[in-house]
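Read through the structure below, which is laid out as structure tokens, and then see the notes.
Every chain is named by a letter (A, B and C) in the order it is written, and numbering of its residues begins at 1.
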């Protein structure tokens, strides 16, 4: 889908690890404000794609342009500064600190650049931003809890909240609901997507749960063996033969067992 | 004069020597030095390879081996027993020290720390080192021991114009035996395959049904025996005095770093490099004797931190 | 900078100690001088420890600081206490800054060992160099303060206490900045710190340099307190080990901890040597193991438990 307001342009992305092809012929345009679901079986290349966009892995070939700037070769730090953040499949948080401290660090890093990093961290300005994030993500009740004692769901919320405080324009979520119980999934996603919508963030998320995908996205990218086999609205994607065979078919088989 | 003949006739220059005698002296000194370093470092590196522990207390195994051997050689000599028994004492000292100390330390302290941070474990072994060093002082006193009997027994021999103690040459032989023994154990026995599996990936070893705790205990004891053997065998050639362990442990670190932590071949090459370097320095430029060893260690750490022969690490995505 | 509990305590304690020192017997004054000198190095190592890094070679910087004083004294006749202190701190700090470029990419065992290697290179050089005193070391003339030669050690004692105070306050402040808060964050999850947009390498470089400046200052102060330098008690790897021991003994919980831990160490050592010179290392090693197993937060965590939880926000 070529669009004049496309902010992320991926062209001919290729990633090989020796003889293994992890990603091939990836061509995608993402527009401002889109909510995109990335689906595919394990090993299909979804996390690899996220890793490349966020600078953790360097593609073997190809280009990734964000608002005209080439991202390939920049590294995670600079890409975060440019406005792209991510959350992690297994939440990557600071386990010996409290929820509040985790968020304060994230906020401080986002706001105290350069020489500012040598000034006191705990300022009224950051405090008010902290309170806002705690409220948005319903983390207030646990703000003094040490992360290592938290339930998986809260940890994931924290993980996402930390990625969001830098006010990214694109946010990639890697399996946000994995590890969260069936009853809580929708509440969880309501909180997250609600908060993100308020800021007008473009969101891409990797997800295995088709119900979640159907409910929240306007567009689906289906991966299979490192390539995108479908790029269409969710209803069409779920009905697509290839997607059914190579992505959902496997999901259904899992459910039947 | 053909190129090969030229090279051989002038090979002594490669070791900085300006004549054949000095060359031989440096070569043999270096090999002897490398030998006991290798025996000790082989133990250190195998403990690191299998258990991922950098055992500072290894210096104590060396010291304990030396003291125990020296003490009993002296005692037996006083009792009028034949000097040849000294060799048996040396072997026995190494085994007793390795088994007793190794067992106590591994079961008493290390076993309870395996899930903890690797640096913390190193600190614990440092604490153990301090404790063991003082126990030596309490048990053996501060006066030096001289257990020269086995060395005197073997007398000396003339080689290429210089006189060398036969005992020193047997040290090289012992190191060679240890090297071959380790190689054979690792590559030709079932035990070796188990060890290599655990070195490569502990979790995989457990899932393959290997009794990893037993492997750990036996490895640690084996390494301790080697440490003790290094000390015991060198005892007749030196004055066994307090502070033995302190110097050897940091030299062993250098060997293990240069050769690659966890690799016996690496320990061999590392010992050779460091032993020869030190021998050259002692003879040609004594001021740099200590400095050169650690400079090499630092350089290897900067340019090739895994060492020259580090065992392959599994890829963890 | 002065409005939190720790800062207030430090100011008060420094005052009490300075005043008390005027009336205390010499041996107590000496304990404090040695203890507080060392505490400076521990302060720096504590910052690294909180970041998850342990250096087994900081005797390098400690020794550089001490020998800088010695060389300044013997070759240039510099005796002013402040010049000596600055020299020690600057020499060590510059070395640390340069070495930091390499060191900031290392972690765990390799970080520890590279520091050891570098420190043993210095040890090897000093031990074999006649003009540097080799194994005997050499004596240092008494320090002068603004040109005056004091009769007793009291003025030096006060200066050391005040330097300790200033350093503790500075580090306390540092730990409340974004840079400082990153110590624990880096230890917990380096990748996330990078992903949030902060350079872990830069952070570690800064912390390392701070620790080397402090270690150099510590060495300088120790040299002045002792009146002599020698490689065995200032540069050898065993000295680095001692510094690490005191760091663990003190605990990472507060900038006050290094001072308490260092004093405890000093007293322990003096008494152990008097009662049973053969048992000092035994005591040190056994204490080390006890702390590692039963009191990982060090003495400070014990104080916190006894005094009720101090809420430092």
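The definition used in the following text is that a contact is a pair of C-beta atoms (placed from the backbone, for glycine too) under 8 Å apart; a residue touches a chain by one contact, two chains touch by 3 or more.
Not measured: the values here are computed from a predicted model.
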Minimum number of chain-to-chain contact steps, chain A to chain B: 2
Identity of the chain that, by mean CA position, is farthest from chain A: B
Intercentroid distance (Cα basis), chain B paired with chain A, Å: 52
Chain centre separation in whole Å, for chain C relative to chain B (CA means): 33
Separation of mean Cα positions, chain C and chain A [Å, integer]: 44
Residues of chain C that touch chain B when the two form their complex: 54, 102, 106, 108-110, 112-114, 116-118, 120-121, 123-125, 127-129, 236-238, 241, 244-245, 248, 278-282, 284-289, 292-293
Chain C partner contacts - residues on chain B that touch it in the complex: 54, 109, 112, 118-120, 122-124, 126-135, 137-138, 142, 246, 250, 253-254, 257, 286-295, 297-298, 301-302, 305
Residues on chain A engaged by chain C in the complex (per definition of touch): 54, 76-77, 80-81, 85-86, 92-97, 101, 104-106, 108-110, 112, 116-122, 162-163, 166
Chain A contact footprint on chain C (complex, rising order): 173-174, 176-182, 184-185, 187-189, 191-199, 313
